[in-house]
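Two complexes come next, and they have one chain in common, chain A, joined by chain B in the first and chain C in the second.
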Partner chain A sequence: MNLPLFTTDLCLKCNICTAACPVAAVTDLFPGPKFVGPQAERYRHPRLSMPDVSVDWCSGCGICSRVCPHGVAVAEINILAKGRLTKERHTPLRDQLIAHPELLGRIASPIAPVANTSIHLRPARWLLEKTIGISRHAPIPTFTRIPLRKRFRDRCFDTPLDIKHDIDHTVAFFHGCSSNYYEPELGEQTIAILERLGYEVVIPPQICCGLPLQSNGLFDAARRHAQANITWLAPFAKQGIPIVGTSTSCTLMLKHDYRTILGIRGEDVETIATSTYDFFEFLTIFVKNEINRIKFNSLHARALYHPPCKLRNHGIGAPALSILRQIPELQLHLSESECCGAGGTYGMKLEKFPVAYEVGQGLFNQISQLELDFVICDSETCRWWIAKHTGLPVYHPLEIMARAMDIQP
Partner chain B sequence: MTEVLIVGAGLTGLFASLLVAERGNAVTLVAQGRGGLELSHGCIDIWGRATPSRALSRLRKSHPYRLAGTAALHAALEFFEEITQQAEYPFPGSISRNLHLPTALGAIHPTALAPQSLAQGDLFDGTPFTLAGIDNLRDFYPQLAASNLRRAGIAVQSVLDLPIPLDDTRHDFYTSDLAHLFDKSNWREEVARVWKPQLIGIKRLGLPAVLGLRDPQHVLEDLQERLGLTLFEIPTLPPSLPGLRLEVILRRRALNTGVHFIEGPRVVGRIDGRSDGRRVSGVVLQTVGGPRVHTADVVILATGGILNGGLVFQQDGRVQESVFDLPVNYDQGRGYWTTTSPLDSQPYSGYGLLVNDLMQPLDAKGAPIFENLYVAGGLLGGADRTMEGSRQGIDLATAYRAVEVALG
Partner chain C sequence: MPVLSTQLLVIGGGSTGLGVAWDACLRGLKVVLVEQGDLGQGTSGRYHGLLHSGGRYVISDPTSACDCAVENRVLRQIVPHTIEDTGGLFLATPTDPIDFPDRWFAACQELGVSAEEITTAEALRLEPALNPRISRVFRVQDGSLDSFDLLHTLTAEIKRAGGQVWLRHRVEKLILNGNTIVAAEIRALDTDELLTIGADFFVNATGPWAGQVASLADIKVPIALGKGSMVAMATRPIHTVINRCRPSSDGDIIVPVGTVAVLGTTDVEVQQPTDTTIEPWEVDFLLAQGEILVPQLAYQRPLRAWAGVRPLYRPTTGELGETRELPRSQIILDHADRDGLQGLISVFSGKLTIFRLMAEQVMDLVCKQMNIAAVCHTAETPLTMTSRSFYKLPDRLAKLEVTTSHDLPQVVCECELVTRLAIEEALRFASTLDLDEVRRELRLGMGPCQAGFCAFRAAGIAHELAPTAPASGGLTPFLEERWRGMVPLGWGHTLRQMELTRRIYLELLQTHSLPEPTK
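What follows is the complex of A and B.
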């Protein structure tokens, strides 16, 4: 049995999670995290089919677990239930497709110009919506011609044994699919910032963290991805090399989901979990003093920072804030919304899109009222989603940091 | 600039964080989950049994009100009023005279300050009132409330069940579901159209607290105008909207004044600092990835009492402080914790930490344990908040005192 299920009995039915759930707030298709989680779990027989399918409307944002004062793993219970639901039903081609961002990247990047042009054409989007159910209003990222790993072949190491330099000042970069295939400039700036702060950056072998698979209920495939990453990353973690990522959902997989949701046990996965850091978490812990000494350039701009759900679920607050606040003349507003609605691949789905969009409405309204120059958010799918629905550029906080340090993309 | 870490995000922790931030200091608020405020009636009880202002001067010296001091209570209330006024969610009432509000069970709740939508339900206001339930909401039964109020000698004009204008609902409503609907003006228009014919001859109508979450004052005024009567709300089982609204207001203000929220991890230990361990230099947070150290100049514990996880009552008869295992004042042996009558004052409700008038927790000899560690709110012993009707007043006053001392 998975551990989250043991927390079911800690639930007092206080409904703090129900009141916090952004999806339940906008649609009665979803009866709320408590209802489909600790409450419904009692009716799910291990050998009978799922009696209620409304858990499928959960976007997986995880706020329910975070706000629970009693330690109930509400979101985890719901994700596990979604996994069972997928096993019992047939998985649509659409879900299979969007669950494989890495595979898509590998296929499309060599033909990036063609792929990008054709996939963003209106008839193509219309066709995708009609045939497989990907909403034509959802953002689709642009493939890069040259993935990050190809740009930095000299920093790719198969094992820590090959590293020649000072291991105490080395970090292993978990770039994820996004920085490799969709936004390699982000990866370049990550490496540049870390190097400026005196660290050597190595890129260990890795594949997609498996989150899109897990979110779409494809647990077996997600577990295969996890196992591969564990095999590759464990030797680095065991050498004491911190694993740093800029995608908050990938790092959360390494820290949390591999163990708690995919149920992987053992010394390797534990070491990886405790050695993994969000990029800004790493900076505020390991180079706090150096950061405080940096003289950042002025950035005359009005911006809003929206910490994504997956970052909040790390339980580390929003470490980028302390650095963004050091940048002179950057007028920073904070998001008053818990969630932008995107939910990774959730908002791409034709039937989910209206719900996802309405979840984001509060944030979109706040953004439009503030007359901003740009928005800042750590998570890639949230960035693409917010940019699409507000028309503003949305940057990773590290891009703003890089700009204030004169690091060019 | 002093770096302050506050543990606990209930009324005490949120209020303290605002006090710290608005004096220009860096503050981090860490909490495992959201606090008891969301489960509360959302009013400010100061002293339930008599005129608050007079009763407070006659308390024992070890009572949290006496330790914090009357000046702290008054200053705290002034700041609270400023916060709620600016959020356009005013709290009528005063410390010199209690309001008497109906509960969902039909009991009488004396409270000093209540949001306007609740304050309009004052039972001694003189205007006759009707109580109404809402179809599809299982958490409020007007017949039950009315019959208990009538037994207490309060006249209830009539009792109604009001329909909601929906053809089809997929599941029973929580109060939060209804509140989201009441936030929409077209919904209020439709509700008013359906309800108005049933409300002829009614001057004052009591409803379960569901009238909006985002801008409740506007929802109240708008709906009153559409229905042509005075409305009041009665807090329900959780989600308790009045508690939730207050939390949203405090949280939003905290966010906008630069409070750094760390939500989720448990505080599992402290790091002792210089001066023979007489100072705390930080805490250890159990995050999803692993333990993380968070350093601070000052730590304020606002983790609450037995209902909020600040105190843990063990099977073996020990009562422990949940974060740092500080000494708790309690009776050894589970047999002493309760009395035979459940409606009497219970000994356990007075258990908690002993502090001096600087809000520093004390050891067995009565000396402060750490110079820069302060305690506020429900974690403090020496008060039976339930019987006194003093819970939120103690929270605000002790939070104010702790911050005042901590920042010097």
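What follows is the complex of A and C.
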């Protein structure tokens, strides 16, 4: 039995997760995390087909697991159920497509200018909606012509043995799909900040962490991705090189989901889990003093910081905040919403879009009332989503940090 | 003066009594059945849930084994909707007698009890939670059978066929004319009224009470009572009946029934049919034995414990010595033959699996004595008008799936997925607004929270239907019955659940200071 399933027995039926669930709050079609989770699990027979499909409305934000007072891995139970559902049913082409951001990037980046203009054209969006069910209101990122790995060929290493420098001051950068294919400037700034702080940044071989596959229930493929990453990253982790990522969902996969949800066991995955850090988590642990000594440029702006669900699920607080707060004249407001609604690829789906948008309404309202210059958020899909629906620029906190350190993109 | 007379009066509304009444109806007799409690309040509502393949008796009681094998097939035909076709496994562990599986398997083949040996790898593929150290595995035709469903179906069919089923009526006196029983004095427990029913023939099907009822006619039926305790786990770690392949003993079976898996049983001699207190050692023993078959039980939540009482026939002198194992096969006593008393047959012991056969045997005897030529039709008469398929675990959940928000069901009991509509319907047809009766019919409050979050909702619905009754109607006794089952498991998960519930009701809602419900 998969580990999270053991926690079904812990459920006291208190409904705190149901009350906290952002999706159940806006649609009756989702009976809530408890209902489709620990409760429904008692009725799912391993040898009979799944009786329920409503678990598909779960956006995977993970709030339920965080608020459970009794240790039920509600979100994990639900994503496992989704995996079962997908296995039993036919997966729509759309879900296959959006679950492969890396493949899309690889195909589209050589023809980025064409791909970008055509995919963002209105008729194209209309067609995508009508044919495969990608909502035309959902943000779609732009492809880069030159992926990060191409820009930093000299920093790509296959094994730690190739590195000539001081292992103690080396970090392995897990850039994920977005920094490689969609936002390479973010990757550049990450490397620049780390180098400024005295680290050598190496880029180990890697592929998509597998989260979009997992969220769409494509567990076998997600597991293949995980295995590949484990094989590539383990030598670095075993050398004591920290693995640092700027995408909070990728790093959560490495830390948590590979083991707990995909059920991968072994020394390698354990070592990777304990060696992986969110970018700001790394900074606040390893270079705390150096950061305290930095004299940040002042940044005269009003901004709102929204810590994304996946960051909250790390259980590390919001480490970016302590650094952002050191920036003079940056007036920071905190998000009062638990979730922006995007849910990774969830909000892209035609049938899910209205729900996702409704979930984000609270955040969008707060943002519009505050008269902000920009919004800050660690997760890429949330950033694209919030930008699309508020019209404001949305930055990764490291972009703000870079700006305050005079690091130009 | 009898207020009513009938051809046959059946005393006891368990599976045996209802089976007899149904058989009698099909033979064209006028029948009244009286039951002192509600459906399933006796042993039939407290049993283990196993539809026997016969495998458990091939060594100790070959006749029962054959009967079970045959009746198993019959019940699958006539009441499929009460049965889950789980299949069963007999597992030998390394600590069990090494020669037993071969002896057992040979006996199965000789008696026609279908059994097939499979590899341990196959068994683990089927049931990954099994102890990987098992040495041999056989597959049999076990199933699980929801007795509440069975009792309700039987009652409905009896009524449809013109028979009467009186609940909460207790036989307190049997009235003789010479050496013939002619009438029974019955107390209506709701009103405390006494009535008399005259009948041509009487069947005493009162299970562990059979001795007490027989004594109303001054007949001695010596019965030893054996209490068997069971523990239900909140979720099912296995979906096949798991038996231990060794000489039959305590704690050697796990039955997946509905949403739970039931470990059982013990065997402790008790004095009264109502003596169902669970001892701490019984719980420890059952859990420890269960873990041998399914190790992960150690990490799972036991939900509740309860006990049923077996009547075991113990004639004072004669064939059976006190020390020998008392037979568990059915006992049918023809009191005309045995005691010179006309018009009464007692039937008890046996198994729920063979209730139909027991009823057939009783009715054959009744008909012979009454000079009626009718023959039994129960084996080929399906118990519901339409042909239904086997009960399946996912059904309840599947029924609640909706695609639009217009037809949202209001789920009152979230653990067992009981809707408001179902409760309202049950209450409307119930003889009283009793939550415990609704529970037995719908499984209200029988899941992990043991009514913690549905009792007050259900009480509210009951109040809506009968606004003059106190809103507390039956809430306290209903909850106390739930807690009684949790107390023997008062540690860990179960204790925390119970304490949460108790604080909600006793402190937040102050239910203990509510007025007592009036009858």
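Note that in this section the second predicted complex is superposed on the first by the 409 of 409 C-alpha atoms of A that agree within 3 Å, B and C clash if a C-alpha of one lies under 4 Å from a C-alpha of the other, contacts with A are read in each partner's own complex, and residues count from 1 in each chain.
Keep this in mind: a residue touches a chain if its C-beta (ideal position, glycine included) is under 8 Å from a C-beta of that chain, and two chains touch if they have at least 3 such contacts.
Every value quoted in this text rests on a predicted model; they were computed, and no experiment measured them.
In the superposition on chain A, A:44 contacts chain C only, with no contact to chain B. In the superposed model, A:16 lies in contact with chain B only, and not with chain C. Comparing chain B with chain C, the partner in contact with more residues of chain A is B. Contacts of A:367 after superposition: neither chain B nor chain C is touched.
Judged by the touch definition given at the top, the superposed model places A:234 against neither chain B nor chain C.
Judged by the touch definition given at the top, the superposed model places A:377 against neither chain B nor chain C.
Contacts of A:8 after superposition on the shared chain: chain C is touched, whereas chain B is not. Applying the stated contact rule after C-alpha superposition, one finds that A:342 touches neither chain B nor chain C. When the two complexes are overlaid on their common chain A, residue A:58 makes contact with neither chain B nor chain C. According to the touch criterion, the shared surface of chain A, contacted by chain B in one complex and chain C in the other, consists of residues 14-15, 28-29, 31, 35, 70. Those residues of chain B lying in contact with chain A across their complex are 28, 30, 32-36, 38-39, 169-171, 174, 176-177, 180, 237-239, 244, 252, 255-256, 258, 260-265, 285, 287-290, 292, 308-309. Listing the residues of chain C that touch chain A in their complex gives 128-129, 234-237, 239, 259, 296, 299-301, 392-398, 400-405, 408, 411, 414-415, 417, 447-449, 452-453, 493, 496-497, 500. Those residues of chain A whose C-beta lies close enough to touch chain C in the complex are 1, 6, 8-15, 27-29, 31, 34-35, 39-54, 70. Of all residues in chain A, those touching chain B in their complex are 14-16, 18-20, 24-26, 28-29, 31-32, 35, 65-71, 252, 255-256, 273-274, 276-277, 281, 285, 312-318, 321-322, 325, 334, 336.
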